[in-house]
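In this document, chain identifiers A, B, C and D correspond to the written order of the chains, with residue numbering beginning at 1 in each.
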Amino acid sequence: MNSIFLLLNLLPILFLYQFEGALHVSLPLTNEFTLSLIQTPLGSFFAYLSLISFLLVTIAQKSKKLSFSYYALQFLLSLAMLAIVLAGDFITFFIGWEIMTWSSYFIISKSNNMNIKSLQKYILFSLASAFSLIAGIVIAYSFANSFDFVAISNSFESMPFNIKVALIVLFSLSFFTKAGVIGLHYWVVDTYSKAPDLFSSILSAVMSKMGIYGLFLIYGNIIGYHELKIMFGTMLNGTDFGYVLAWIGVATSIIATFKAITQDEVKKLLAYSSIAQLGYIVAVIGFGTSYGVAGAMYHTLIHTIIKLLLFINVAAIVAQTGKNKFSELGGLIYRTPVSFVMLLIGIIGLAGMPPLGGFASKFMMYNAAIDTKFALILIGMLFSGAASFLYCYKLVYGIYLGHPTSKSLESTKEVSIHYLIPQIILALLLVLTGAFPGAFIKVINPILKEFSLSTIGYDGLGVMQSAVGNFNGFFIISAFVVIFLLILLLIWRIKSKAKNNLNRFDISYCGEVPTADTSLHYGYGFGTELYRIKFVNAILKRSSSHFYESLATQTKKTSELFSRMYYGNIHNTMIIILLFFSALFFLGVN
Amino acid sequence: MSLGYYFLLPVIFSFLTPYFKKLGSFTLRGSTILLMLILFLQTLAYTGVTLPQISEFSLKPPLGIAFILDGYSLLFLLIFTFSALIVSFYMVWFFKANKGRDEARFYVFFNMLIAGSIGMILSCDIFNLYIFFEITGICSYALSAYNKDKLGLESGIKYLIIGLIASIFIVFAIMLIYLQIGTVNLGLIAQRFGQIDPKISVLIVLMLFIGFGTKAELFPMNFWAPDIYQGSMASVNGLFSSVVAKAYLFVFFHLFYLFGLNSKYMLFVMVIGAITFLVSEFTALNQTNIKRLFAYSTLGQLGILFMALSTNSSATVSGALFHLTSHSISKLLIFLALGILIHKFKSAKIDILGNFKSGFLTIVLAIGFLSILGIPPFSGFVGKILILKGFALTQNYAAIAFILLVSIVEAVYFFRLTAMMLDKKRTKISVPIGFANYVVLSVLAVLIVLFGVYPSLLTHYTDLATNALLHPTNYLNYALGVGL
Amino acid sequence: MLEFFNSTQTIHTIIIIGSMCLFFIGFYGIATQKNLVKVLVSFDIMESALFLFFIGLHYQVGLVAPIVDSNLKTFTNMVDPVPQAMILTTIVIGLAVLALGLSFGIEYYKLTGRNDISKMNELRD
Amino acid sequence: MNLKKVLPLKHILLSILSSALLLSVLGLLMQVKTNLYKNVGDIFLNLNMQTATANAVTSVVTFFRGIDTVGEVTVLFLATSGIALMLSDTQRTCEKVVKQESFILNVGSRLLLSVIVLFGVYIIIHGHLSPGGGFQGGVVIATAFLLLFLANPNMSLSHSILTLGESLSGVAYVLVALIGLFKMNILLGNFLPHPIGEIGELVSGGIIPVIYILVGIKVGSEMSVIVEYFSKEDYYKEVCDA
């Protein structure tokens, strides 16, 4: 089953490769609708991103026995995403969007951890996103008389200002919901943590990117950064609009970062981290400068790679140990060394440390903030970037370092090769994206042209230009590799002299000797100290769940109120009909 | 072929039913299927001819009564005959599974329910229309009381009382029309309606509104409707939802546009439709009985249709007619599938019904749910987007926002049901599905998908229907006997 | 005095007043009565009022029943036959629905011992 | 005596509402002029000579608005089916008990039966000549059976004959309509000869008396079935209660 769908997943990639950017299909659906597929540089970037992610996840899925319907739905999901990114008009886009919604819903419902509440959360937010999208689409249609991107883009200028704002708000709301911007992220954490483990990687790495794609499509392609500048005016070197968006993004990333640190469930931490990382992208996407777009694009790529890597890694560990909490894991470094290395590479990227791709993308974004002179935004981004070190550390410590928290962990074996293959590929990709930023700029330049922004220079494959000087990724990574090898050698030298294989009870604290059931793993409590900081405490204590739950309660109350009318008394029903007649009679006739 | 067969053939079959019964249940079931097949094929044959078609009784109109088939009624005719054919196949399974029921009388009411509904949409004479209204009414009362248990009888009585109220108002309106205009021919009434005393015309419109609005389940007059659905059998509910309610809706808008009331009462009907939609969708959240839940869902969808059909813009009306067709198919699918479950579990409680185990039923039910919610690639999506598009073209953004917001409420209970079906933690009991049901439900599901991915199949007919509804000149000419 | 009563106008006025009074007596009945039989009877009263109203308004002084016989050879000066035909139809329909309603009521009464329509609330939210 | 119990506030309010409605409807109807246009009935009267039917109402019922009558007959048929569905004794548990019958009433009602049925038949077959017709005659015939049931509760009718009458007359009625379609190319066309000179004679008016006779048979048998079901109901009720 797996092999068949692996081949099937290859097909769209080949299909796309075949067309070489010249894909242009349109199918008449009715007299009014045509489905059209057009391959733009932006679209094919996201198309390859999602298709390759699906391929890698499918490889990892070989280790699990999954049903035909699971694979079929996942394949449908990949096609739906392809339809989204290749769409040339809003009907195709929306059809893809909705098929993505329900096919992912059915996959998520196959998880054993799933409950109705979380499923409801997921689907309602997805549908709210879709409905706000369709509202925007039909409003745009009412002016352009067409669903075509180009036609809508052409008629956008002539729309009244309030309609323009309404369109921007509706589309942004829709895509923010998918990307999990703070306030609209209520569904994200629950869904990511309860979905099937490997599918979480697709949710986080690919599906949230569809929101980002939508934002690019709206701001860059349909409205155009130039038009945004005209509409809202400029501020420093960026736009007013971008400034507001940047604050939304920065707030998202700061809040989600702190929330991530205090999570106990591994996948919840990754979910919050995903929200935070997408916050960065949202922050720079509205700048309207080449560096902003390039940074957002670069980070989109890096985040996809990292989240695939981390989620597959965690899925493997969960499958191997059956545990998914930091408080239950620990000390796996000797048992699953390859996984450990992979996770280490992943978090180096996630934290944005040099030399991997994570640094290059963060650098590009900071660079964009410097370029537009949004100093406060830059400070916020740096702050949340620094704070993200904490959860990265928690991730690696909680799972691999320290002591195993239970006997069963001590006999854990290395995870299945099917999990490792995609991880190794992704880790290599991460290294390559760090080493050759120029290659990426080469990919991005056509997109910048598509948005009619100036292109960014690059110097060979290893060097990209920026506002604050050139960035030579290849040099940095070479230097790091050399230093890393030296340190490794040093450690190896020292270690060979040190005493090996300590027993976990070879310690004593305060004169007490720990027993077998004493928890020596502090992964569980990691981050609780943060509550003492007033600012962080204020963030952590608040939650949007209150708002949404009270909304649900209100709805239920309304429903009960209305349902009281239908209490089955035909006598009163008759009286109501007669009274209604009388009322209309006196109102209408006299 | 004459249009009169649509009424006369079922009548003959019904009159002969006691003799079919003597020949055995095979003949009885077979004859009904045959009848519905004939009607459906005849309708298919009518899709190829130029419209409108007319067939007169005794005299040519405007003096005599005639059946007129225009684009608008053709669409409904297709829906009705198709639904009837599907249900007649389904009932084979039903009566095999439930031995010892009074099969013959069920078929009598079933045939005449369809014939009455078809008569309502074909007749060009308002008094004749009233008679078909009563035929449909009597059949629906009898069908809802068919089980002869407490709930069935209660729903039968409730339906009958409501039907009496509606018919009193309609009779009064017809009498006033005859007193004022001196005829009951729809064409002549339409021609002269603007010239009568405005106060009386308001009274007539009001009475027709109350009469047909009550039956078409509009808000302040629909407190009875969920009770009827709850007390009746699932297959009958399917008919109520996809045939009977639609027939009343047909008449409502037929008269609405024919009498030229659209400019004066458009806003009123739209608001009433919106309130119906809002209240029903919210109320549906609170249900524990599945039949009741889908009754509210039907009310809600009728609310949307009332909103969209009253707009007088061809884009919206065409979308609404598409949505109506898709809703008929989807609701029929859902109710028939639920009938299988209810038969197995002997209960209509949602909690109990969630325990079934059948991949086939899960898939077809999910298709039905998604279609009603208007999610692509199912037929409901095309209808909904066409409606929204129509509203957008008339710059009616409030309606768009309203429909979308309430649709989220609708999604809450639909996906609660879906989640319940998919929930692995429930104790699952496998449900046997007869061969006939596999065929019936697959056909419906395939149609939903087909209309979703290839809507041109249907938009041809909805466009015809829209044109006929909004510009009834041709219809009027035929009803007046001009140019015959 | 008698001539006053023999004018079409007067007859119509009397018929309108009488039938509408009857109609709204029925209206009051269906709004207040809870016994199923009484409700059905109220409906019948309303229907009868409509029949009276309709037939009555189509009578004009000097017109005769639309039947020819040995004395009357042509169809002139006759009342409109259509209302009569329509009323005939409506009467039969009313009778049929009423009889069906009564049979429902009987069966329901046998099952539950109730005939109060406001207490028929097993079907409810 | 508690006034509130006899006349609750709700009833007072509803009666006030009814009166208000009455007054305004009256006010509306009084001031409105009727007969703005020529009634279709007057045109029918002019056309009526062609049908060669002495009773214009009959020709309207059976011919000009013939499809109404098919529907009407169907409604009656459906109501009968519904009543039979509800009140048929297939699932009844209690036994039939023979009830005491009065000899005089029994004989007397049987004597009267023939007279009443004859009267009914007369009304039916003179439907196109004089007031009355299929519906009226059919109901008269049913009253004869009602009398029979009142006199003798153990009496029962032969359902197969009634069903036969009901079905065949109904089918024949529809066939008459269809023959019209084939012969005259119009449904319910008057395909039998109906010379205008024969107006007022028993055999005149083409299909009109035929239809009214069929309607008479149908209504007679259906009403008899209804009457039987309802009178038996009372009988079963007593027996079951005891």
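Operating definition for what follows: contacts are C-beta pairs under 8 Å (C-beta built on N, C-alpha and C of every residue); 3 or more make two chains touch, one makes a residue touch a chain.
Bear in mind the structure is a predicted one, so any value in this text is a computation, not a measurement.
Farthest chain from subunit C (centres taken as the mean of C-alpha atoms): A. At the centre of the protein atoms shown, by the Cα-centroid criterion, sits B.
C-beta contact counts were set side by side for A-D and B-D; B-D has more. Centre-to-centre separation of subunit A and subunit D, using mean CA positions: 75 Å.
Rounded to a whole number, the gap between the C-alpha centres of subunit B and subunit D is 31 angstrom. Taking each chain's centre as the average of its CA atoms, subunit C and subunit D sit 15 Å apart.
Rounded to a whole number, the gap between the C-alpha centres of subunit A and subunit B is 45 angstrom.
Residue positions 563, 566, 568, 570, 572, 574-575, 578, 585, 589 of subunit A each touch two or more of the other chains. Listed for subunit D are residues 14, 17, 21, 25, 28, 34, 39-41, 44, 64-65, 68, 71-72, 75, 78-79, 82, 86, each touching two or more other chains.
Subunit B has residues 127, 131, 134, 138, 141-142, 145, 148, 157-158, 161, 165, 178-179, 184, 199, 203, 226-227, 283, 286-287 in contact with two or more other chains.
Viewed as a contact network, the protein chains are fully connected, with every chain touching every other.
On subunit D, the positions that touch subunit A within their shared complex are 14, 17, 20-21, 24, 28.
Across the complex, subunit B meets subunit C through its residues 127, 131, 134, 137-138, 141-142, 145, 148-151, 153-158, 160-161, 163-165, 167-168, 171-172, 174-175, 178-179, 184, 226-227, 230-231, 283, 286-287, 292. Here subunit C touches subunit A in the complex through residues 27, 30-31, 34, 117-118, 120-125, going by the rule given at the top. Residues 28-33, 91, 94-95, 98-99, 101-102, 105-106, 109-110, 112, 116, 119-120, 123-124, 127-128, 131-132, 134-135, 138-139, 141-142, 555-556, 558-560, 562-563, 565-566, 568, 570, 572-574, 576-578, 580-581, 584-585, 588-589 of subunit A are the ones that touch subunit B when the two sit in their complex.
By the touch rule above, subunit B contacts subunit A in their complex via residues 157-158, 161-162, 165, 169, 199, 202-203, 206-207, 209-210, 214, 220-221, 223-224, 226-227, 279, 282-287, 366, 370, 373, 375-377, 381-382, 385-386, 388-389, 391-393, 395, 397, 400-401, 404-405, 407-409, 411-412, 415-416, 418-420, 422-424, 454-456, 459, 463.
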